[in-house]
Amino acid sequence: MMTPAFRGIIPPVCTPLHDDFSVDVVSLQRALEFLLDAGVDGVFVLGSTSEVAYLPDAQRRTVIETAVRQVAGRVPVLAGCIDMTTLRVAEHIAVAQDAGADAVVVTAPFYTRTHVAEIEQHFRLLHAATGLPIFAYDIPVAVHSKLDTAMILKLAQEGVLAGLKDSSGDDSSFRYVLQGKKDRGLDGFAVFTGSELVVDNLLSIGADGAVPGLGNVDPAGYVTIFDRVRCGDQAAANAEQDRLLRLFTIVGIGDPARIGRSSAALGAFKYGMKLRGVIDNAVLAPPQLPLTADEQVRIKAGLVEAGLL
Amino acid sequence: MMTPAFRGIIPPVCTPLHDDFSVDVVSLQRALEFLLDAGVDGVFVLGSTSEVAYLPDAQRRTVIETAVRQVAGRVPVLAGCIDMTTLRVAEHIAVAQDAGADAVVVTAPFYTRTHVAEIEQHFRLLHAATGLPIFAYDIPVAVHSKLDTAMILKLAQEGVLAGLKDSSGDDSSFRYVLQGKKDRGLDGFAVFTGSELVVDNLLSIGADGAVPGLGNVDPAGYVTIFDRVRCGDQAAANAEQDRLLRLFTIVGIGDPARIGRSSAALGAFKYGMKLRGVIDNAVLAPPQLPLTADEQVRIKAGLVEAGLL
Amino acid sequence: MMTPAFRGIIPPVCTPLHDDFSVDVVSLQRALEFLLDAGVDGVFVLGSTSEVAYLPDAQRRTVIETAVRQVAGRVPVLAGCIDMTTLRVAEHIAVAQDAGADAVVVTAPFYTRTHVAEIEQHFRLLHAATGLPIFAYDIPVAVHSKLDTAMILKLAQEGVLAGLKDSSGDDSSFRYVLQGKKDRGLDGFAVFTGSELVVDNLLSIGADGAVPGLGNVDPAGYVTIFDRVRCGDQAAANAEQDRLLRLFTIVGIGDPARIGRSSAALGAFKYGMKLRGVIDNAVLAPPQLPLTADEQVRIKAGLVEAGLL
Amino acid sequence: MMTPAFRGIIPPVCTPLHDDFSVDVVSLQRALEFLLDAGVDGVFVLGSTSEVAYLPDAQRRTVIETAVRQVAGRVPVLAGCIDMTTLRVAEHIAVAQDAGADAVVVTAPFYTRTHVAEIEQHFRLLHAATGLPIFAYDIPVAVHSKLDTAMILKLAQEGVLAGLKDSSGDDSSFRYVLQGKKDRGLDGFAVFTGSELVVDNLLSIGADGAVPGLGNVDPAGYVTIFDRVRCGDQAAANAEQDRLLRLFTIVGIGDPARIGRSSAALGAFKYGMKLRGVIDNAVLAPPQLPLTADEQVRIKAGLVEAGLL
């Protein structure tokens, strides 16, 4: 039996779709193998990068089931259970558990005006309802509140939270979590960053791993960073991160005067995956608007420059 | 056969719950009769005030079915179809349609970083997928984007949107919608405000109606305002609105240092309804935290002062 | 000796400039006479619409001195004393007092992260330092905090504040101020709105007056609204407000993809004043960028449509 | 003649005040010597940490003159020229130049709704008006806009900007500036971070220096970090940064339910300096509210724990 390690590079897997927006299972399987071949330490399905906000429940279930079956225990499978509040999230967790996920990833409540005490209550109730490890997902750009550092550490200490996936972009609060973890001896509490442009630095100061959306396009790059940091070769880690910094500019090619910034980023990731032969179709779920042909040309140039094509 | 009119006072109905968070159908039926007795012109279930963000799909379905059956065509039933993006909302619309709702109410996409062109695409795709009239629900406090006035008017003119429920608090943009409606001769486009403290003024300049959360506690007050404006007695409408302004302070009694502002407001509405004998149980769905006994005393005093107890 | 009344239409006067950004005193005198001819009840110099944020202290002093001398007691002159915190504002107040202003207008502290208790302290200290009446200026779009209703009413009751100029756009909180004023019998506390598109409604529910930026271009329109509301002819007030609603669209003609929204609005006001012969030069202070020739053509069309040219 | 180097640790110097809020020149001189003794590479007066937003022009001038005279060319003196827009900032720059500052530090326009093209225009006009090197000061928490990376690099290349002081907390955009600097060979462009909790990491990836507010209390700590990174001893740099992370918690001791967050931070710095014998008086400029005695006790404990007392 596998013991989930929750350490290293765990990309948030893009969800390939058919033109009718059903899940392209074959492409998803190929994407998972592509990541595993690159040496990732886990996969995170149904995160923001997976278009989880766009997928109906049936597609969500298909994604988890496909991932669990395909990965087959080689690495842990984390499943995003993204919904507005406790009872709705609890239903997603039950599905994830039933499908065999190794851990679930949960945000603060959104749509509603919440409070730190209610966010804490949210995680406690969900922990009481499932045996699965719960990662808190700190993503203010989506849920419009920031997780409180003291609350995270308290819930980590009590065993309510198994980890943190921090996409807040606030490296100072992240560092306080790392320091608090160390002070409290919370070795098993997995602290991951979603800030894909500073993975080298955050690993070097003690982060357990990273969840880089760009890892869909270039997982090997992030695996290299993790590996180089582990070996104490910070200069090489920095150099690889700098290469990925350039590649990451593809997320800004979609014109913000014409389409949403989520569409621009997810469209770039998916088109990059298609160019690399990982998925068949770069279509985005509605109502996201597509990249133009010209934008696609520039994304291709970005991949060429990064040595990926 | 009833032709939905979409005019007048259409409260967003609170969802009474049992202690296990299942829908208290009997209380919901009583609440609907309470509203109808007061003379409301429609009911809006599964809005933000209905705790829609907190209700799993099964409870949502029960709410619509109960409302349609209980109201039995006496007034239109509007159903909120609140979810993150198009495909998920479309599923809620199908349920609402199946359950017999007269119209659906839909926000801009949320959780994701969207764009006005994608919001427009969202409404167009949903309109193409249903025969039901669609109200755009402008609620930046929840979805963190504001609906564009020009887009609303364009979609109204094309028949994509049947109405607007404006909870933005931006009376200037609301007024531009009213002016644009008049200029384009869009008589059938129903423009409702959710700003429950300025209903008198907005009706007087041409709004078709209001969706006041406070109408759960005092529907007769809002019906009076609508009636007085229709009769040209603005002073009486203002006086009644002023009375409701005082009553509305109950939403701020729950201490914002302790609980969320949504919980404070919804808790006050539900406790007020319980005090008036409309519902049996004022429990809120998780992770909302309850009002204290002291806060309840002060809410009761507010109802007494408003002449409701 | 004149007793300031602080009631009615008090436009925030645009500051005409020469090409070297010195104050065009002759144009300013003409603008003041234009407003007085239209029947305004006061003038507010050095508000946001006056480009106060762009004017060095010498120009600010020139503006107040010019206004006091030109108006010569016919109506009150209010002077904005806009700066970051207490000691700096106090210096502006001393200048305004020395120059003969009848009242000063003061925002919450900005640039710094403040607190309601510190905002209250700010007003108290300034009141202690001057004999002039102080208006609190609620303008979250500029200072990024909202004045607290309870604080305003407390300071009004204690005589610290003589009035409120509310540019928050929050008609609900504005209404609570009006209600609180009435409840406390604060007849002398002057409650003005800066929401120039809903002046008719806010006057009808008890506002003492309005400070409309658009009044630089069409003061007579706002004087008409005030007059019609006073006479109980709300329909005429609404109709005039509706005409001004159309005229106000000139503030959005400057392309937000190219210039700031302040520049677009202030540029439109100044160009409109120039077209009407009120000022000689529509130049804006740096670093604001100018309107294009095409945008100017469209602004002219707006004035023609409104019957002003 | 001294050539300003603009490299290393350049603390933003707190401004000691007398009880009447005049500058305590003797304490300021002592504070400057304290910093120089610790080995800082420059001093930055009249930044946000210096309470620049609270100081009238006369006090501002005193601060620069005192610093220039006291430092006497041993290290460069940077002077914040913080005001709302171009003409007002230009006046502060003239004063700084006259007083002998080596460089000036300028934010984007604030109070007004600006645009990237106007921010660019702002820096260009100021550069045209002074011979002093200009640092762009990126501080969204104060000015509510973020400086654009491409604009910064363009103005650096053209010689309009001599440096960047980045207090945005956005390490990803900071990294793009570093990469762009390298790509363009802008060796003389000084890139400083104000993120005092990640100085070790940002120096290690190429930042030229840091401007840490906490450096008022513990300059030696930051000098150590700079030194250790320069010597390639990242572990020692990390350890020292971790110590300072703990010390930095003093900024959160002032209760945010009672006072502003600026007051809490600046009050903690000043009280820490007083405890260390650097300044005589920890008073803050109005309307900031003071720390309580209990909060002071906890701040003292923080300094003891950090080995500073």
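A, B, C and D label the chains in the order they appear, each numbered from 1.
In this section, contacts are C-beta pairs under 8 Å (C-beta built on N, C-alpha and C of every residue); 3 or more make two chains touch, one makes a residue touch a chain.
It should be emphasised that the depicted structure is a prediction, and the values quoted were computed from it without experimental measurement.
The chain with its CA mean position farthest from that of chain C is A.
Copies chain C and chain D of the same sequence differ in orientation by 180 degrees, per CA superposition (steps of 5). At the chain B-chain C interface, residue numbers used by both copies make up over half of all numbers present, so the two copies contact each other through mostly the same positions.
If each chain is reduced to the centroid of its CA atoms, chain B and chain C end up 35 Å from each other.
Averaged C-alpha coordinates put the centre of chain A at 49 Å from the centre of chain C.
Residues of chain D in contact with two or more other chains: none. Contact topology of the protein chains: cyclic, one closed ring where each chain has exactly two touching partners.
Here the touching chains pair up as A-B, A-D, B-C, C-D.
Interface residues of chain A, counted against chain D in their complex, comprise 169-172, 175-176, 179, 195, 197-198, 200-201, 204-205, 234, 238, 242, 245-246.
Across the complex, chain D meets chain C through its residues 21, 48, 53-57, 59, 82, 84-88, 91, 109-115, 117-119, 121-122, 125, 141-144, 256, 258-263, 285-289.
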